[in-house]
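Here the chain labels run A, B, C, D, E and F in written order, and each chain numbers its own residues starting at 1.
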Amino acid sequence: MGIVVRQIRRTDKSVADAFASFGVATVHEAQGRSGLMAARITPIYPGAHVSGTAVTVSVPPADNWMLHVAVEQCQEGDVLVVAPTSPSDAGYFGELLATALHTRGVRGLVIDAGCRDVAELRQLGFPVWSRCVSATGTVKETLGSVNVPVVCADQWVRPGDVVVADDDGVVVVPRGRAANVLEACGAREEREAQTRKRYQAGELSLDVHGMREELAHKGLTYVDQAPDD
Amino acid sequence: MGIVVRQIRRTDKSVADAFASFGVATVHEAQGRSGLMAARITPIYPGAHVSGTAVTVSVPPADNWMLHVAVEQCQEGDVLVVAPTSPSDAGYFGELLATALHTRGVRGLVIDAGCRDVAELRQLGFPVWSRCVSATGTVKETLGSVNVPVVCADQWVRPGDVVVADDDGVVVVPRGRAANVLEACGAREEREAQTRKRYQAGELSLDVHGMREELAHKGLTYVDQAPDD
Amino acid sequence: MGIVVRQIRRTDKSVADAFASFGVATVHEAQGRSGLMAARITPIYPGAHVSGTAVTVSVPPADNWMLHVAVEQCQEGDVLVVAPTSPSDAGYFGELLATALHTRGVRGLVIDAGCRDVAELRQLGFPVWSRCVSATGTVKETLGSVNVPVVCADQWVRPGDVVVADDDGVVVVPRGRAANVLEACGAREEREAQTRKRYQAGELSLDVHGMREELAHKGLTYVDQAPDD
Amino acid sequence: MGIVVRQIRRTDKSVADAFASFGVATVHEAQGRSGLMAARITPIYPGAHVSGTAVTVSVPPADNWMLHVAVEQCQEGDVLVVAPTSPSDAGYFGELLATALHTRGVRGLVIDAGCRDVAELRQLGFPVWSRCVSATGTVKETLGSVNVPVVCADQWVRPGDVVVADDDGVVVVPRGRAANVLEACGAREEREAQTRKRYQAGELSLDVHGMREELAHKGLTYVDQAPDD
Amino acid sequence: MGIVVRQIRRTDKSVADAFASFGVATVHEAQGRSGLMAARITPIYPGAHVSGTAVTVSVPPADNWMLHVAVEQCQEGDVLVVAPTSPSDAGYFGELLATALHTRGVRGLVIDAGCRDVAELRQLGFPVWSRCVSATGTVKETLGSVNVPVVCADQWVRPGDVVVADDDGVVVVPRGRAANVLEACGAREEREAQTRKRYQAGELSLDVHGMREELAHKGLTYVDQAPDD
Amino acid sequence: MGIVVRQIRRTDKSVADAFASFGVATVHEAQGRSGLMAARITPIYPGAHVSGTAVTVSVPPADNWMLHVAVEQCQEGDVLVVAPTSPSDAGYFGELLATALHTRGVRGLVIDAGCRDVAELRQLGFPVWSRCVSATGTVKETLGSVNVPVVCADQWVRPGDVVVADDDGVVVVPRGRAANVLEACGAREEREAQTRKRYQAGELSLDVHGMREELAHKGLTYVDQAPDD
């Protein structure tokens, strides 16, 4: 506690930025179904979709002092990831801190705790993924740490990892795997585009993906409805 | 398990379609306060309102194979109703399956489990009522059944029943009662239109519905506030 | 039970109305972090922001009779506050009652229970903050009371108190403190406007609020990331 | 609503009783992983384990009148299964009704709603599986039905079906399948007894069930821990 | 905030003590179904049953300093009632504070927040009714108040009121009504003893309470089960 | 995925075992309020208290195959820690696997998912801390890993770390810090024993810990109750 790590190794910015064209579900699949934060983390307003490099903050319950410390460590293209050391629904984050982050080019905030000033944040266009909306305030008494590895909503996040967030939730991609996962996302999207076209043309997934044989093999049986049930 | 029933008896399409002009709360009241799914089933985006005939799917936990099988059984005017055999928050359904259903004229999906690709579904205009939003994927390993009766979110749904869904939730109308319930909805709406006009004119429900006498009879007492409390 | 108090002492209308320019989080802070309703009370649609004087209703579980009684006690600028005597998720309130309240100039409704007709209420522009959305109906069998003090979502609300509600939730300001709290809101907002400008100009809160010394005093340590972790 | 079905066809008593020697998990497996009630239904005290034939009750929210009607339809070896038509956490059931049921030889109660008098029920030895403990009372105003099929905690229960309940929850076995499922339970238990002995002797399930080959085939890899991580 | 009220007016000790022979459900009914705390407040171990006079504590979130202040205000026969000013699941209370209260003759603690040292408290025989069990600690930074009226788990509690708690939950009886409610409890228990005897003798509540006529009047219909369904 | 790490570096057995004399709350405090698992992890029966060295298992949702693989990696004094890669309430663990672990001297199991056979586990004396009780079964289809670092209930657990569990929940102590934390636990317990004695002798914590001055300094005010409120 009480450590701020500067000059972290971030995922290459062009790689981190490129993730914003892929949905969270796609990224999660493309990296082998890992990295998905718990479903309790939801966007405070619909329609936002960002990617960026994680600046992590470990905070005490109901104490947002370290968010102020973290702002200074942020640069354009970052996403702030905040994890309390014990569960807290307090409203750690609101419009003033958002203004500070927005000014520095931060893309959004992910917090396993509460957020407030929802209307103002929507107007400002600064998206937040949080555990709850709560107007309860916090204090500034106890130190935490910035840019140490944290567990946020069931995921291990290290500073500089890629964070992708949209209406489906939040997924984390480790820095060391980011380039490969990005490529896998592209490949996956391409395959899905092919599939989509065939579906739109009325083809069935049973045929497109050749599932009929395996289904029959497992014993799937087709019957007609009896005269009346 | 492992049964697909074809050629189900659907509620008459004109009847099923006509339900879309009535809200879920109205339909629920009009059929004697029955058929309402549990409140955990909510729309993934606001403003959708559909009705249609149920194609039912019983699925294993975290396995969406049978959704692919079900697509073939769907026709224009249907609503897909999906119930896992044990509780699951997995993301069974996303944009690709939605494209397939949308192409066939399916009106929407009701699932007592998770849904993903929320942003894409909103853009496509394919509404889903689900237990949660979740980007977690599913496997294709185990059979389930299509068009067997299922319990979905506390309600018994049989293939061909009418399903009505809006911002308030989802209600099921048994095929055999659909015509009568539709008529009752119309009658109810008409009465409410009368009431609405009188309320807009400033009349009180106490007078419109003649409640004052019964209230007094039960002992309702009017007092003025004491000088200070 | 069974009491309706008329001619309650309301907070001065100009004071109650003026609160609508301040967010719930601001009001909560300005009155010393008190009066905030439990976070389970959420708006049925985003973007509403109202303030007004409380007309309170104590209702039995799943019985909305007293809401009809309460309408008569409402006047322009009021907010109806409804608390069940035991927990209930029933849908006490819908579009018809909203029409009646809207016609009388009521600003909105706060209820620690369920609400229905969400689509119609959004269209009408009558905001509701509720514990859940539920199409389940209620009966009209048992008396409750109007304009008695109630506990609603963890807060003590007295008739005539100020209620402020927005996307962050609901806060209650006691009548006797309303003028002072309003003033404190204004002062707070002014200070925040100063801060916002400095943040927008790129200044850090660490400097604006002079936090660096205290942080160092508590032992905050800055380090550079090791060559590799 | 308002129907009481007498002289229901119960599962053979010797069959229904015999299920009490098998745990809920065993029964659930033995009938192909179906019939398990939602996990929200839990025992009010630990250690109870019963089986019996279902007498079903469909009740309005917060109204326990039909429980009194149902008592008369119960006989020795029954289990009362109570499902509200809309969700309710009210305390429908307490020590007096339990005394009446206990006197008639009823084995226990399953209710997707609240229960009260927990201490007295434990002392009486009348087990209840409920959604919650709640001292809130109910009224006696509205009819429901007895011995009609009900959906209780996600399961379809018909009068005369077998209900098995223990610390793990509640499972329902359809009357028509009860004899076969009972046999399957016995066979399963026997196999498990063999397995248990081999485990107690220190054998590994990897060997007992011959899993090693399939695991290796799927790619499982054994490594030793690196010098330091 | 920051007020400690000494020499509060307690309910007469003999009255407060006498409530311990009545269950929470009985007391709740006897005072007209009011005063019941939310069902989220549960005992940390089964079998405890206490009554006493409330010493109230209003505490900041995750700060238990005022519990230490409150100990001094407690005397034999009291029950400590603790309400955080905003929701908190922190573990405010453990074995050391329990030892202090136990030494002074305090009967138990009710807290709308977390409790820890559950095993030690069970061994000591000091019962707690809490919102959750949590080993997370608290700080001692901010003042609260002792013996001011508080809202605890949806109920308004004033110092000196009677608190009754058992396995069913917690109920509050206002000081001014305590003697009357106690009498009503006795009368109710007596009536129930009569009823219990008749139930034990095999009489049906339908007859004991003469419900058959009213049920028939509302339309209850008895039918025999059809040959097969 | 698909990795099993053998020959992990465990915390010294005498150190790991010694933690069993300290409660979870004490350990959590002694290591600076870190390492506490989320409160959703609760014991399946009261009174168990264990410590041991972690063998970790990362499992797919609703698939318990890797638990069988993990058994072989366990030795006397271990605690098995199981974390699903996406949330699952399935019943991964029951009496048979417990028998296998018990035979090898494993102390207990911690799982952020479901457990079944609660009655049998209590009888066997094999304690489990789980997210829920659920009789739903799992499949054996997909690989996971054994003895890789996992996030379990919000905590980062590495193979060989110390796990302590009691009625308050579960806390993890990193291997590298275990000896120091153990010492701190002892020191803390000693201080608390002193405090306990003084409390038992009737001394107040206000005096024992010298809090009065600081409270007065912050503005705490003592008043007597007004003649009537």
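By definition in this document, a contact is a pair of C-beta atoms (placed from the backbone, for glycine too) under 8 Å apart; a residue touches a chain by one contact, two chains touch by 3 or more.
Source: prediction; values computed, not measured.
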Given chain C and chain D, the chains that contact each of them: B, E
Candidate from A-F, E-F or B-F with the same interface as C-D, over half of contact pairs in common: B-F
Interface residue identity across copies chain B, chain F - same or different by half: same
Whole-Å separation of chain centres (CA-atom averages), chain A against chain D: 39
Centroid spacing, where centroids are CA-atom means, of chain C and chain E in whole angstrom: 28
Where chain A and chain E are represented by their mean Cα positions, the distance between them in whole Å: 42
Sequence positions of chain D contacting 2 or more other chains: 33, 36, 39, 86-87, 89, 134, 136, 142
Interchain pairs in contact, sorted by label: A-B, A-C, A-E, A-F, B-C, B-D, B-F, C-D, C-E, D-E, D-F, E-F
Touching residues on chain A, where the partner in the complex is chain E: 61-62, 86-90, 136, 139, 141-142
Touching residues on chain B, where the partner in the complex is chain D: 1, 32-34, 36, 38-39, 85-87, 149, 151, 154-156
In the complex, chain A residues that touch chain B: 23-25, 28-29, 33, 36, 39, 42, 46-47, 49, 166-169, 171, 192, 195-196, 199-202, 204-206, 209, 211, 215, 218-225, 228-229
Complex contact set, residues of chain F against chain D: 2-9, 45, 65, 68-69, 71-72, 89, 91, 94-97, 99-100, 103-104, 114, 116-120, 122, 132-137, 140, 142-143, 147, 158-159
